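Naming follows writing order (A, B, C and D), and every chain is counted from residue 1.
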Amino acid sequence: MNTLGLLCSGGDAPGMNMALWAAARSAEARGWRVLGVHGGYQGLLGGSVEPWPADRLRPFARLGGAVLGTSRVPDFTRQVGAAAAQARSAGITHALVLGGDGSLRGAGLLNRAGLPTVGLPATIDNDVPGSAATVGFDSAVNFALPLADALLDTAEALPRLCALETLGGNTGHLAQAVGDACGADVVLVPEAPLAAPELAGRVSAALARRRHALIVASEGYPALEGVLDALAREVGLRLRLTRLGHAQRGGRPSARDRLLAGALAGEAADLLARGHAGVLAWRGAPTLLEFAAPAQQEA
Amino acid sequence: MNTLGLLCSGGDAPGMNMALWAAARSAEARGWRVLGVHGGYQGLLGGSVEPWPADRLRPFARLGGAVLGTSRVPDFTRQVGAAAAQARSAGITHALVLGGDGSLRGAGLLNRAGLPTVGLPATIDNDVPGSAATVGFDSAVNFALPLADALLDTAEALPRLCALETLGGNTGHLAQAVGDACGADVVLVPEAPLAAPELAGRVSAALARRRHALIVASEGYPALEGVLDALAREVGLRLRLTRLGHAQRGGRPSARDRLLAGALAGEAADLLARGHAGVLAWRGAPTLLEFAAPAQQEA
Amino acid sequence: MNTLGLLCSGGDAPGMNMALWAAARSAEARGWRVLGVHGGYQGLLGGSVEPWPADRLRPFARLGGAVLGTSRVPDFTRQVGAAAAQARSAGITHALVLGGDGSLRGAGLLNRAGLPTVGLPATIDNDVPGSAATVGFDSAVNFALPLADALLDTAEALPRLCALETLGGNTGHLAQAVGDACGADVVLVPEAPLAAPELAGRVSAALARRRHALIVASEGYPALEGVLDALAREVGLRLRLTRLGHAQRGGRPSARDRLLAGALAGEAADLLARGHAGVLAWRGAPTLLEFAAPAQQEA
Amino acid sequence: MNTLGLLCSGGDAPGMNMALWAAARSAEARGWRVLGVHGGYQGLLGGSVEPWPADRLRPFARLGGAVLGTSRVPDFTRQVGAAAAQARSAGITHALVLGGDGSLRGAGLLNRAGLPTVGLPATIDNDVPGSAATVGFDSAVNFALPLADALLDTAEALPRLCALETLGGNTGHLAQAVGDACGADVVLVPEAPLAAPELAGRVSAALARRRHALIVASEGYPALEGVLDALAREVGLRLRLTRLGHAQRGGRPSARDRLLAGALAGEAADLLARGHAGVLAWRGAPTLLEFAAPAQQEA
């Protein structure tokens, strides 16, 4: 019997649960059975697999997190054979892997190891080649906005120099989107560090015009705390950083992420049913997992 | 003509705008005129006063921040005579001051300087004697909760050690309420520091039971970052702090804060109309401003 | 072994899950075992009982709804003997019942039938004598506020006559709190119907002043749709009702409801441990369940 | 001097304020002056025009509604000459109109009457040909989601048949997106009415599987209340409709709408500066306003 194994890997992202539910519904509509792997590749290696039919997944679809749990397995390359064997012995005939680049690379390995596997881009970082948007990114931007808005609320009342640090790893996608959406005076992204005088100049200009300024910065910006300390000294104001940290991973999935998750999961089930594997599901234009997740990434 | 001067002082708090609107409505219902002082005591000293009838305040009542603006004036004691004179020359016959302890002490000085003044407790810190709850506190706790919930969302998916830092100055009211409301494993408040072994013990117990733990800490906890670094080393996990910073001041006022703001503002207008001044408005039991805001505070 | 049976009854309310978790923690801290009854009194009659230790309840504490499920049993009076027997045969030695007046009356019956039972006031209607606030009320008011705010957002842009209908059954508590918190022009509560000319007069005055008006009404207001239709004709504007319906029961519990739920649950466990039963847990002043839930109520 | 006139028309939509601010910034960066028309085409006819530089618009960018106000002018065709003359006499040399199809048709008329005008698609209905998404649509879907989620919260606790009515006029875009995002059992859209037996069959199947069901319906669905009443009788359950009404127009703009508003506003300013007019701004592929807003629409 065709049996779809669902697996989340790497950092969790809002919308993963919606994708799991939608994939299960699509698979069941084709008469397939659905199993869930608990705790990502690590759980798969340990044989932690259970029936997760659509009706069991349904109440979680509107929640953040990943109900199956996830994990990081840095040396998955050497264990992929064992993982594929475990999957087969648990009855899994096809797999759907949700995650970011490292996780999708693992999915590609799993596919080459003989288990037909499709990947679904799910990460708040929006850094998966072959997809224009990843499940979780829109939620993470929307999660940050009320904090940026609240900083403006208070800064308009009592003039302040404010800064908001987003997640994003070594990329600036999240910070840039948050900064643009809230109208930040400066957005600091690792890809294009600003020279100190330019940063001070832009902040000073904002302060001169309305006595407050808002900076949005990616956690990956080089020496961020030092840069902000130097800036605060330069303009003669205190600055306290608001830091989202891992909270930005959680929270309910946004409408857009739920719709994207539903569409991609249906597409992934369809690809597997039609005999395609080793690809990333993306809006009628699947790309090879090797392209979506180039090497040098952890699984 | 009786003229009520409205003034916000110190850190802004959600619900201040609702209190301003409610006070203006109550005053106008008695046939009084309403003026707004821009920028707190500093603005008063500079004569920054404008008509702010209830209908002008109304669209702001549901927003965070303080539409009149606010300020901190450390040496207000020496300037209170000038402030009272400025108020009188602007036509203000009675004043309502919204703020925390320092601001309310300023209100007491203004009252002694001959301007009949009532205080309204409005600060997210909930540290005004004579009031059981200050306008803004409930909003600030509710503002923090989604972040705590989001940390749990992600920690349940991918086991983590998480910490959330709240505002609160040197007090632990905010952190305690947030921690209790989200079910934190440990709450760190400045009033009762934990010994390192006890902290590590409680966190380890939580990790042993479910592989994640959540700490909520007040910004005023002694050497917080060092304590958390030591803890992370002790339990062998990474820990990244989510920090609310000034964002916790902003955001929309909660239902409770709006209702409290409306009730206290009506009461304050009533007190002034009945010839009472120099007191803090509090649910039928006004206390002297000197009790609500003992000395040694900045204005 | 002392065994606490947890049971939710009647309409669910945000904060019930927090109360369940807190009660389980308090009971376990005393060495008790904890069982959960699925589906309220109906489930109890059917023997639907399972272990629900605190750690199983924990992930639900921050969610709305009632994870144990609930039910309405109109003729519980005649079945209470069977219910108490089922409880005992399931091993339950003490019970905690969460709900509104009808449910608490059932709790009183259960107690008299020989099962030591304490009640915890949990309903969005805030209509339990002996309690100043019920778990769920603050959440339900906060849930409605963004809709009222949104109506004002749009009415300020394009003048409109707007109305928002809240839940509340035959009481006006919810509507009044929502209306006061959002600054409605008129609040319609069943307890004090307005004469048509007064309603039209107040709405016309608001329209004259700023070209929009907002009415908040309880679902229990007599002939509400007819009253609003007549009003719309009278003032010559279209009016479309925004109706919360059962959505107002759901949503995450507010900070205040979580804190209240936690405090009352701890108190309830303490009462049972100290041999008290047949009472409503309320902040150090428990009242008899017969007072909290007078007869003529459905269970 | 080049002077950009900003105008909102028709139903307001979240993100309009962000678009106004972004347009003003883009215009000012080119050395243009910015005026705001109050109250849409009606206000333009009455000469209600004021300076609205970017810094004045900024604090509104994160709020719902439309700070300039809007209006509906059914017979704008006959008044467009007067409107263009008023615009010129107020000093407006170029215009940017934000709105849905009717409003954009007005913009086309204004352009033909000699005032170089560009349109920006802003409506929660997402029904503007030539644009794949309108500013406001994503916010309106996100606004509805918590209500749908809350209905599921309570229906999972106490089995219910629930229905949520969205806005959308005669189209089903909003209802479909909300229904897909929340996982509704049935979505009722005007474009494709369901036969009663099919509706009852799908709802009964959901009820059989998990004892609750959720329907999302567009306000434009033919005889919606009658259809739902008949359904409730058929399946033997009560059904109360949750109705968003105009509340769905309000609320803060989502991240996506803010980003879209910012991008399109910048593009609109660029088109005008480069001498293009009579077109709808859309991601590098402007279409003629006549295509975006065919005739037979109210202005």
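To be clear about the criterion, a contact is a pair of C-beta atoms (placed from the backbone, for glycine too) under 8 Å apart; a residue touches a chain by one contact, two chains touch by 3 or more.
In UniProt terms the chains read A, B, C, D = 6-phosphofructokinase.
Everything quoted here is computed from the prediction, not taken from an experiment.
K.L.:
If I list every residue number at the interface of chain A and chain D, are over half of them used by both copies, so same, or under half, so different?
P.N.:
Shared-number fraction above one half, so same.
K.L.:
Looking only at C-beta pairs that count as contacts, which pair of chains has more of them, C-D or B-C?
P.N.:
Comparing C-D with B-C, the pair joined by more C-beta contacts is C-D.
K.L.:
Please compute the C-alpha centroid of chain C, do the same for chain D, then give the distance between them in whole Å.
P.N.:
Chain centroid spacing, chain C to chain D, equals 35 Å.
K.L.:
So the centre of each chain is just the mean of its C-alpha atoms; given that, what is the distance between chain B and chain C in Å?
P.N.:
Chain B and chain C have C-alpha centres separated by 29 Å.
K.L.:
What are the residues of chain D that contact at least two other chains?
P.N.:
Counting only residues that touch two or more other chains, chain D contributes 63, 146, 149, 152, 156.
K.L.:
Can you list the chain A residues touching chain B in their complex?
P.N.:
Against chain B, the touching part of chain A is residues 8, 11-12, 14, 16, 63-67, 69-72, 143, 146-158, 160, 162, 164, 240-251.
K.L.:
Per the contact definition, I'd like the list of chain D residues that touch chain A in the complex.
P.N.:
Touching chain A from chain D are residues 18, 21, 55, 58-59, 61-62, 138, 141-142, 145-146, 149, 152, 156, 177-178, 180-183, 209-210, 252, 254-256, 258-259, 262.
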